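Next up: the structures, one after another.
Paired with subunit B in one complex and with subunit C in the other, subunit A is shared by the two complexes that follow.
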Partner chain A sequence: MKKHSWKASPALRKIGPLIIAMAALEVMFGIFAPGFSQMNNQIDLLQQISVNAIIAFGMTFTIMIGGIDLSVGAVMALVGTAAASILASCDPSMASSVKLILAVGGGMSIAALFGLFNGIPASKTKMPAFVITLATMLVARGTAYRFNEAQPIPIPDNAATFLALGNARLFGFIPVPVLVMLAVFAFATILLHRTRFGQHIYAIGGNREAAKFTGVNIVRTQVWVYLLCAVMAGIAGMINTSQLYSAEPASGQGFELNAIAAAVVGGTSFTGGIGTMYGTLIGAVIIGILDKGLNMAGVHFSLQYIVKGLVILLAVYMDVRRNKS
Partner chain B sequence: MKTIRFFAVMMTVVALMAGCGNNAKQGSKSPTKGKLIGISFQHMNNPFFVELAEGARKVVEAHGDTLVVLDAQSSSLKQKNDLSDLIMQKPAAVMINPVNWEGIKGTLIEAKRANVPVIVVDAPVKDQSLVTCTVASDNVKAGELIAEELARTTRPAKIVVLALSINKACIDRVEGFKKVIAKYPDMKIIDQQECKGTIESSRPVMRDLIGRYPDINVVFAINDPSALGCISALESAGKLKNVKIVAVDGAKEAVAAIRKGKMLATSAQFPKEIGRIAAEKIYESLAGKTIEKDIKVRVELVTINNIEKFAK
Partner chain C sequence: MNQNPHPGQALLTLEGITKRFGGVMALDDVSFGLHSGEIHALLGENGAGKSTLIKILAGVYFPDAGTIRIDGREARITCVSDADALGIRVIHQELSLAPNLSIAENIYLGREPVHMGFLNRGRIYREAEMLVEQLGLEEISDVGLLVSELSVAHRQLVEIARALSCRARILILDEPTSSLSEMETEALFATLNRLRSQGVGIIYISHRLEEVIRIADRITVLRDGCSIGTQDTSAVNQKELVKWIVGRDIVDYFHRPPHNPGDIALELRNLRSKDIHDVSLSIRYGEVLGLAGLVGAGRSELARAIFGVDRFDSGEILVEGNPVSITCPRDALDAGIVLIPEDRRKEGLVMMESVAFNLTLPWTKEWNPSFIPNSQKRNEMAARAVENFSIKASDVWQSVEGLSGGNQQKVLVGRWMEHPPKVLILDEPTRGVDVGAREEMFIIISRLVEAGMAVLLISSDLPEVINMSHRVAIYSDGRIIDAADADMLTPEYVMEKLTGASVHEET
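Showing the complex of A and B:
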């Protein structure tokens, strides 16, 4: 197969193999894992990946500019914990939708604050994003532990609208987290692939100096990127909290790594400048299929980690080769 | 071409491994070859859970059925997803050892909707009405036993407690312990700190406590792994001789520590028995019998005097 036989756009050329891999995994688990191909199981798959995918969309922006955000898991926990404490301290007679607005608004403001906390030093100083976000991760985690002596905070039963965020289904069929994931995906895709802001992200990730000389406002773009990443982590935190009927200050540990894995399997390059939102979505789906499929095929949990690790390694290896040729 | 070859390799690897797992179980998930039963643990970092799974497996396999063991890695979300995968496959029943006794609620609702009976093992859940029964050690008793042993041997006592208050079983142990200690005016609990119930987490907590209270002579660690962490911290501070350590579990390592005189006592739990009873209750409930809601499994005090019985 020669290169010129790919007539499709570069973006499609990039995700073609990913789609093939996804389809192959679907078929394989369809055979090996009883019940895997059923419609309700496939919908459950989308529900399961929603939290990771939403974090991964934000992570893709940061990796695209050559950065990283390790604080997402902790920010997610903090946002959830803050929202739950707001709900718990609300007057029970208050309308459930008002409570939702208060909790989401409060939580999201905290997420945005941490986005700035990451973005401003990352863009204005020479400190590496890895170290900055490692530090803010500790700050966010510690702040989450300040609530309720680090113990889980239950969501009161009367906060029905908030609980619907993670547990309800539209027409009794499509889970709300999946709808939220698709909405965030649409927003992120348009932003990255259809706006000038998106072009600036590619430019900064590709060649920072060149981008500066062509008049890209590097500082502003970077701050926005970290802000977006933190806010998306916050959205994921709301869904997670709602799904678990309680906020856990200790939750979200290691979620940053899952999100990075989804972005990287989806073809986002760690050096920046290369990647797509569709790729990240498919990356999250592939990881979700592995988690679910291996579980349903009855594979011992120890083997599951090995398989996942190997798949990530292979995906990245292939990606490096593809980018070189 | 090369790309495609690499995908082929990747697929083969996954297929082989998935295949291995499946073959090892003889494809016994088809309804003709027995029922599917699952068990989800908060984590597999404690030999206690491995033994519990073994106890359950014996019973399940004796019935010609299959037991699937899931590891939540201390993440409530992973536990929810794991169990929802399992419930999709219409298991006969699931056993749950919850990460978060409130956060498991969504899963319990899902199981109820799918008509899958739930047996809770080792640590209770908050919404008792959603589960068939709970099989756990008598944790209050476990706390009482070691407190009584201290009252017999170590008075006056200045005690520190290393607790794990996210877990109801551990909350109960502390409660039982404190109830007994309160009877003796010369025994005082001077501080209580949180640890995560592992060696790594208790060691630094203990080190801080030695610094703050040079005159402590008793440590109550919430389980054997945290007791081992305390031993290590006290040993490196050269203070182990002056401090008596008590805990709950009855793990092999703790029994060895008692034999060497590094630990005073532990309340042994019987994880294999918990697993066995939980699995038996599944079959009783499937046979339509009424099940007692709250089943307490015995605990026993291990000291230097009866150590031979527990040497594993």
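Showing the complex of A and C:
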């Protein structure tokens, strides 16, 4: 029985090389980037990856069913802008926690709306998810620019609870975004690896027709996937806005690509049906280590892009080779 | 019947071919000969070594020992282009054409004539037309048609034309008729006979023994990696051949269950859609209703409509006399109807996932009612199916990709028997599985029917559908044109009905 539960997820075997790669990068930057290995710096690292990781968890769901969501970066910006506008228009005397609920509630409803906007056409029509979400990306971005004449909206100082979301540290030590990331990670992991919903995602991604013939409700499952992805992007948008102390309608550009990179480095296959949440988490950590480590090692930013690109290529190549054997 | 009276000289000779994969002996001292102007059938169960042998000829594998001679000269085939240069071409089961290019463009794909750097499309079409005419492939004489518009049979002809346009002298056809209708098969045989008379050597691989006996000059049988022998086709009959392939007597190949009809399980009343023209039928518990029809007669469309994959426009589906509304497969499953689709790989299994995954997929609700999957229950469920249907897998976590066609089919049927349905629809259940696995599938069907299940058996294999069913509905062009007790029918009669009717429809 023990033997079986190990074999039950070949995905587990794939995680080994990723952990080794992550450890190797840690050691390497520990040597070449002064101060990299210090605890403070490692905590900072986690804080910096949390936004990307949260988006990447949602992205993993969409890639797992053979889809994609390009709109996450724009949805992030829109959600942040909407939340900031709500905060700015609130009565200053209102309790800070009530304002948080209003802002988060408003922002997340918009995220959910965009999730449906992506998910319903993606599951009910033959339009490719790439094109649908490319279009909704433009819609979301445009909507974000509609707020405040496309100017940044500062978060009022009295919205202390909202600001805490991105900047406070539990016991003055663990950043709140990291806690949120871990909570979303736990949720996503359970969803993908321990529920019927997750099982259906593997089935749809592995063979959509077969899933249909087995009685899996493929429309409902897919709509939920896009909804989840957008909501997770919304959470990331809240944190991002809070961290910046203002909502930038132009923020979040290219975040979708970083999230895709994290998922793919973590072993999610673009053909669908293959991937894990912990893989994506480690993928996000690896990308974060590269970003921060190269920076601290004093590598010119132009080179940083090149290195990152090559690492992604290498990771995917190794993954494809492993899947083949 | 079509025996070639004047076999040509030795074209290809294999001597002592041996190939090991790790500890497994895939081919053990196999010898094989092919004359020019000969059709030589290569038979054997799945795993007997046929595909390894083909891959050696195609340059995919290199043998560990043995010699290959072509025209008496020793040849080394180390890669696919070597095989090409020697004139060896494999026409695969899965065709490898570009669907959005025309017939002519496909024939010259990869070696398009260019004129000053530009594609010489005029020449492609001219030469393709000449080639097709010369080969007598009238069916694809309109070389400007897109391949995506062609039937599988015609695509296969395009592949053959492509092979012969590069002066192939040895054609290897791997299960060429598996997705062809009887008429298309006839047309293919006419083509093969013509190619034979032009001196081409053809290695013909098929599970369909009736066909092999008709078309082949000689037959070589492989079993467990060894060649059992080569015989002139005129010297063997089908029964001997089965025994030869399987290595034992299959006494009663078909296993029709005793007919103890119960109440009506499934009834269709005047079902109509684009592809279905007023179909009414009923199946009782403990009964097999065969639906005999040619490929393309719309049999799968009927199955898909009953199962809720496709919509129908009007008519009623009744289960145990009560009308049910079926708009998606879930509704059909809830009503107690299961469809085992024709295309296992595309519509049946999640190929990259394990046997257990596929076996337990329909029952996730039971082993994972909330957020806590019950792996023990799941494992038991999988183990039960593996045992009940003797699925041969190294363990339940092996991916179904690695199973033989017969075992994949057993996974597909076995998974529904956790909670047996009222009605089981089988669409071409034995397509692409070997003789032994086919018999096993018949035994399974028989067992389920004896336990009281109602079965709709769709098949274009007429002996199969007649011998496994209690009643047979003859289906053509979306209509039931005749129905009778299976005992009253012969394959010849059904064929006459089917072809007669289709001629009638066309005129």
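Keep this in mind: the second predicted complex is superposed on the first by the 316 of 325 C-alpha atoms of A that agree within 3 Å, B and C clash if a C-alpha of one lies under 4 Å from a C-alpha of the other, contacts with A are read in each partner's own complex, and residues count from 1 in each chain.
One rule holds in what follows: a residue touches a chain if its C-beta (ideal position, glycine included) is under 8 Å from a C-beta of that chain, and two chains touch if they have at least 3 such contacts.
Since the model is a prediction, treat every value here as computed from it, not as a measurement.
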| item | value |
| --- | --- |
| Combined model on subunit A: subunit C and subunit B, fit or clash | fit |
| Touching partner for A:206 - first (subunit B), second (subunit C), both, neither | second |
| First, second, both or neither for A:125, with subunit B first and subunit C second | neither |
| Subunit B versus subunit C as contact partner of A:89, first or second or both or neither | neither |
| Touch count on subunit A, higher of subunit B and subunit C | B |
| Vertex subunit A; arms to subunit B and subunit C (CA centroids, nearest 10 degrees) | 130 |
| Partner chain(s) touched by A:190 [first = subunit B, second = subunit C, both, neither] | second |
| Shortest CA-CA distance in Å separating subunit B from subunit C in the superposed model | 18 |
| Intersection of the subunit A residues that touch subunit B with those that touch subunit C | 1 |
| Residues of subunit C touching subunit A in the complex | 307, 309, 328-330, 333, 339, 341, 346-354, 356-357, 361-362, 364-365, 368, 370-373, 375-376, 379, 395-397 |
| Subunit C partner contacts - residues on subunit A that touch it in the complex | 1, 4-5, 7-8, 10, 190, 194-196, 199-200, 202-203, 206-207, 209-217, 273-274 |
| Residue numbers on subunit B that touch subunit A, as the complex places them | 1-4, 6-7, 9-11, 13-15, 17-22, 25, 29-30, 44, 66, 68-71, 73-77, 80-82, 84-86, 88-90, 100, 102-103, 105-106, 126, 165-166, 194 |
| Contact set on subunit A toward subunit B in their complex | 1, 17, 20-21, 24-25, 28-29, 32-35, 38, 40-41, 44, 47-48, 51, 149-152, 154, 166-167, 240, 243-246, 248, 250-251, 253-254, 290-301, 303, 306-307, 310-311, 314-315, 317-318, 321-322 |
